[in-house]
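Two complexes are shown next, each including chain A; its partner changes from chain B in the first to chain C in the second.
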Partner chain A sequence: MKLSSPSGRGLKIVSNTVLVIIGLCFLLPLLWLLVASFDGTANLTLKLPAPFTIDNFTSVLTPSLAFGPLWNSVVISFGCAIITIVIAVLAAYPLSRYRMRINKPFMYGILFGTCLPITAMMVPVYNLFVSLNLLDSIWGTVLFMAATSLPMAIWMMKNFMDSVPITLEEAAWTDGSSMMSTLTRIVVPLMRPGLAVVFIFVFVQAWGNFFIPFVLLLSPNNMPASVSIYQFFGQYGAVAYGKLAAFSLIYSVPVLALYVVTSRFLGGGSALAGAVKG
Partner chain B sequence: MSAATETRVSASRESTRLIARRPGARRAIRREAVFGYLMIGLAVAFVTVFTLIPILVSLGLSFFSWDVITPPQFVGIKNFTRLFSDGQVLSSFGVTIVLAIGIVVLQIALGLLLAVLVNTRKHKWTKALFRTTFYLPLLASTAAVSIFMGYLFDAKFGLINYYLNEIGLPSVPWLVNPTTAQITMILIVVWQQVGFTFVLFVAGLTSVPTDVLEAAAIDGAGAWRTLFRIKIPLISPTILFATVVAMINAMQLFDQPFIMTKGGPGTATTTATIAMYQTGFQNLQFGYASAIAILLLVIILIITGIQFLAARKLVFYQ
Partner chain C sequence: MTSLTRTAVATSTTGRGGATPSRPHRARRALGRTIPLIPAIVMVAIFLLGPVIEAFYGSFTNMALTGAAAQNTTFVGFQNYVQLFQSPDFLQSVWLTILFVVGSAIIGQNVLGLALAMLMRAGNKVLTGVVGTLVITAWVVPEVVGAFCAYAFFNGGGTLNAVLSIVGLKGPDWLYVLPMVSVILANVWRGTAFSMMVYSAAITEVPEEITESAELDGASGWKRLIYITIPMIRRSISTNLMLTTLQTLSVFGLIYIMTAGGPGTASSTLPVLAYQEAFKFSQLGLGTAIAVVMLIIGAVFSVIYIRALKPEVD
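And then the complex of A and B:
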């Protein structure tokens, strides 16, 4: 938007004010979280930590409260993202490179798949897991979560793959390279940014997912952090602001780190471009 | 698909023809085709086992009465007739639709406003700062956000009412009064999720071709006109995508109301998913819960269909 018209200055002031006010609404709750986590007597006011302390962190960082659930979260999110990526790459390659009769109906099927509400499957999935003896199994949960994230992942992956130039592959084909080795040696290395985007997308979704593990996992030992934080802070009415804040921060670190790393080499906004192309 | 994809596909056909001149290449091509189907088949099998079959089972179960302990009993459409006379379940669908519309409208409008405002920033670091600010809540887990937002919005001891009182305003019954509870729920969900639409819109706005914008500027179009006549039409496919995704997610709202209010006060924030959860996993009426799930599925499909139909008139593809 060009802001050089006569009314430009006024417009600029208004837009700045709006942006700053909304920005504060977003930052202040997070600031409270940060401040409260270092406060020994944290309460619901935004103030500098009176006794500055890391007690909240040390008391939260115990095997049963933090390490166990966080490890479960890592296993679930990582497993889910890896399985999704491998299957999505395999499916996206023929969809992107070969003109097959099933391409179009398949892509519509994928779109339809992304529309299906996961909640509508939870009752039969629960019963399926009971009959397959997969209830309370982390790997069963990982498989199910991977399946639910697949349609979106294939959609994004195909669009990323479409933007990888085909010339190099043609060279490989004429040199007698097979489809599989063309895929693993040429296409996959070329679309690393796209792979990273899909990986992060699936990982972050799995990391924050509450409903699926809440239904499919039972024992506290298997719970990811998203459920254990609810069971510890949400259910028992333990009003321990400092500890909640500390736990939330620790819990968010892996995802934040992923975001920082990817936005470095992907430039933030373009990260989701693969989802909207087409 | 875009035109670029089409050329690429034809290029790949070109090259297949090139290979076909080699002796024995025809067999190789057939083998590769089979391989290609297998690669797709893996994904299809996976999705079928874990999502399509459960949905079909769900459809089947909705005609049975089942408490897990005794074998399922066929009851015909009794679950559905009960559903349409069950005030509580019907109200949960009403709540879901009200919340979903509120969430989607606010999320799209705010996401677009923020994207347009941030996109006009000239400095790279202010752009990055705002982008991170609006994106951060999305990275936090819904469960964590719900718990601490529940604390912040607590009517008696919450941070927000405390500061409202400090500046001389009366306390607001955020999550205590049915109407304000719904509004608060919408605000909190949008607070957390607007980053997604925001990032999509920023990406869309950045990819608006500059020659079009220059042409508009030369023709004397002002800021508003450029925005409404050029930028928004050009990113309308992105807006459609964001709306559809946001709507599907909002219709399944569970985490925030379940954690913050347990569906209360009364049933003001009991969404269809919460009703389904309570019916199935707490009252062990799995058949009836399946019927609720199927109704939700049908409503979501109808709403998505309506959005795509409306898009035919409203969305502009280059």
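And then the complex of A and C:
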């Protein structure tokens, strides 16, 4: 696709035109959210804010409306990401370093687990939570979300660990350090970027997850932002699009920020896509 | 002990049944090495494997959330499945799910993703950067937020109709008149970024000399795409097709927030139907039976996908 070729100029014009059209299609829905959040009289159509105001933000940023649910989201996402990382590092180490008979079935199981449609499981999971008396428990929900992100996390973690050279560990082994201390003192510090990628991957998924807390949590006090935005929409949706947009925007900022961090310092979204590309 | 471990690793990889450590010693060491796997195994067994098994069992009972059946659940055999396959709602739901997956994942996201990846190689650098960022933003924002943006866009008083009115057309309430088209387009909007990134990465790995020599031989852009680029990235294509299919199969929030499966059941794909049956109409057995059908569909796709990835595990 050299631009110096005879068809190059024409091709370039066509490409750019098509790109502009596709870009507009992707832009318009997002632009509505941004503009409506600053609009005193927002409706569902993209229009100039009249009047331009930050009232939507100030009226949403109250303990009962936004802070409570956002705090629940923080607890759930951090809890889920930390539990997942710890368990995934532990599991990835023997899988990466030793040749065991369990490796192959385990990795196939993990790969199968990454494909499991979690949405399909919510009805039986609800039953399980009823019988374990975990319904409406934030920690029960965190544990379940950690379990659902484990297969992908272990898969990614093993791949990252495979690329950490084994020579340093050999030195530690000959010095007589145990498997655990080799793992925590040598391997984990060496794979910090990999840990960060997996952490962000799990955190972002937990932050955005709607269905799991929607089914497993009941009381409004336990709801993360994803569910309370939906309920807010159901209650005031028809009248308060500006506030809804403002709340949605505040809720989206952390994942957008994390995405920028990943793409700047950790090799980008393509690193996340690449981890599952195969 | 650990220095021994290292040499043992070497021997155990080279030859089985080598004379090195004694059998009980080896067994104990192998056990020690599996200990770090235990937390992962326990979590997966309780929260993933348990519900899957329970789903298969539960779909053969008449369990319910309320009423007489909630007190004593009894075994009813294939009754749920018979009921399911006779229900027009379920058959319609299967059809809608196929429509949703084929329309938004297999055709929409993959074709648009590949097209964007190709266009971005030819397009202006600044423009490419802006469009790429927009496409990825739609993918990065949380599902609920993306669903609201799409809801506002396709609503009767939304942006789409405002744009159409500029050229003198009066659009309907898309969510009401064409709910499936709306959710399919919304899912294309939300999910194309993934395919775009996978295909961008794959295309950069196609050696430039090959495309260039084809160009010298007079192959047009379309011919180069069909005879060179696509065959060279076919592995990425098949992997991506499977992944997007699996992801799209379990989309719930986007559809539920945009249309709630409506109007009526006009956009109730299987996840939405399972939710409605189980939690709205308290038909847990029926909801579980739908879950089992979805798990089986998912498993079939997973097996094909895993066969493609086999070399990475071995």
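As a convention for this text, the second predicted complex is superposed on the first by the 258 of 278 C-alpha atoms of A that agree within 3 Å, B and C clash if a C-alpha of one lies under 4 Å from a C-alpha of the other, contacts with A are read in each partner's own complex, and residues count from 1 in each chain.
Here, a residue touches a chain if its C-beta (ideal position, glycine included) is under 8 Å from a C-beta of that chain, and two chains touch if they have at least 3 such contacts.
All figures in this text were calculated on a predicted structure; none of them were measured in a lab.
*Asks:* Superposed on chain A, are chain B and chain C clashing or fitting side by side?
*Replies:* On the superposed model, which is not a single observed complex, chain B and chain C clash.
*Asks:* Let me test your reading of the model: by the given contact rule, A:177 touches which partner, first (chain B), second (chain C), both or neither?
*Replies:* After superposition on chain A, A:177 lies in contact with chain C alone.
*Asks:* Could you say whether A:120 touches chain B, chain C, both of them, or neither, answering first, second, both or neither?
*Replies:* Touch partners of A:120: chain B and chain C.
*Asks:* Should A:38 be classified as contacting the first partner (chain B), the second (chain C), both, or neither?
*Replies:* Once the two structures are laid over each other on A, A:38 reaches no partner at all.
*Asks:* Could you say whether A:199 touches chain B, chain C, both of them, or neither, answering first, second, both or neither?
*Replies:* Neither partner.
*Asks:* Does chain B (first) or chain C (second) touch A:210, or do both, or does neither?
*Replies:* After superposing on A, A:210 lies in contact with both chain B and chain C.
*Asks:* After lining up the shared chain so the two structures overlap, which partner does A:99 touch, if you call chain B first and chain C second: first, second, both or neither?
*Replies:* Touch partners of A:99: chain B and chain C.
*Asks:* Output check: A:57 vs chain B and chain C. Expected answer is one of first, second, both, neither. What do you get?
*Replies:* neither
*Asks:* Check the residue A:160 against both partner chains and state whether it touches chain B (first), chain C (second), both, or neither.
*Replies:* After superposition on chain A, A:160 lies in contact with neither partner.
*Asks:* Which chain A residues contact chain B in one complex and chain C in the other?
*Replies:* Touching chain B and chain C on chain A: residues 1-3, 5, 11, 15, 18-19, 22-23, 25-27, 29-30, 32-33, 44-46, 87-88, 90-91, 93-95, 97-100, 102, 106, 113, 115-128, 143-144, 146-148, 150-151, 154, 170, 173-174, 178-179, 204, 207-208, 210-211, 215, 226, 229-230, 233, 241, 244-245, 248, 251-252, 255-256, 259, 269-270, 273, 276-278.
*Asks:* If you look only at chain C, which of its residues touch chain A in the complex?
*Replies:* 1-3, 5-6, 9, 12-13, 30, 32-34, 36-37, 39-40, 43-44, 46-48, 50-52, 54-55, 58, 63, 112, 115-116, 119-124, 127-128, 130-131, 134-138, 140-145, 148-153, 155, 157-163, 189, 193-194, 197-198, 200-201, 211-212, 215, 221, 235-236, 239-240, 243, 246, 249-253, 257, 270-271, 274-275, 278-279, 284, 287-288, 290-291, 294-295, 298-299, 301-302, 305-306, 308-309, 312-314
*Asks:* What residues on chain B touch chain A, complex-wise?
*Replies:* Where chain B meets chain A, its residues are 1-2, 4-5, 8-9, 11-13, 15, 18-19, 32-33, 35-37, 39-40, 42-44, 46-47, 49-51, 53-55, 57-58, 61, 68, 110, 113-114, 116-120, 128, 130-144, 146-152, 154, 157-159, 162-163, 191, 199-200, 202-204, 206-207, 217, 222-223, 226-227, 231, 237-238, 241, 244-245, 248, 251-252, 254-255, 259, 273, 276-277, 280-281, 286, 289-290, 293-294, 296-297, 300-301, 304.
*Asks:* Using the touch definition from the top, list the residues of chain A that touch chain C in their complex.
*Replies:* Those in contact with chain C are residues 1-3, 5, 7, 11-12, 15-16, 18-20, 22-23, 25-30, 32-33, 36, 43-47, 86-88, 90-91, 93-95, 97-102, 104, 106-109, 111-113, 115-128, 143-144, 146-148, 150-151, 154, 170, 173-174, 176-179, 204, 207-211, 214-215, 226, 229-230, 233, 241, 244-245, 248-249, 251-252, 255-256, 259, 269-270, 273-274, 276-278.
*Asks:* Once bound in the complex, which stretches of chain A touch chain B?
*Replies:* Those in contact with chain B are residues 1-3, 5, 8, 11, 15, 18-19, 22-23, 25-27, 29-30, 32-33, 44-46, 87-88, 90-91, 93-95, 97-100, 102, 106, 113-128, 130, 143-144, 146-148, 150-151, 154, 162-163, 166, 169-170, 173-174, 178-180, 204, 207-208, 210-211, 215, 225-227, 229-230, 233-234, 239, 241, 244-245, 247-248, 251-252, 255-256, 259, 263, 268-273, 275-278.
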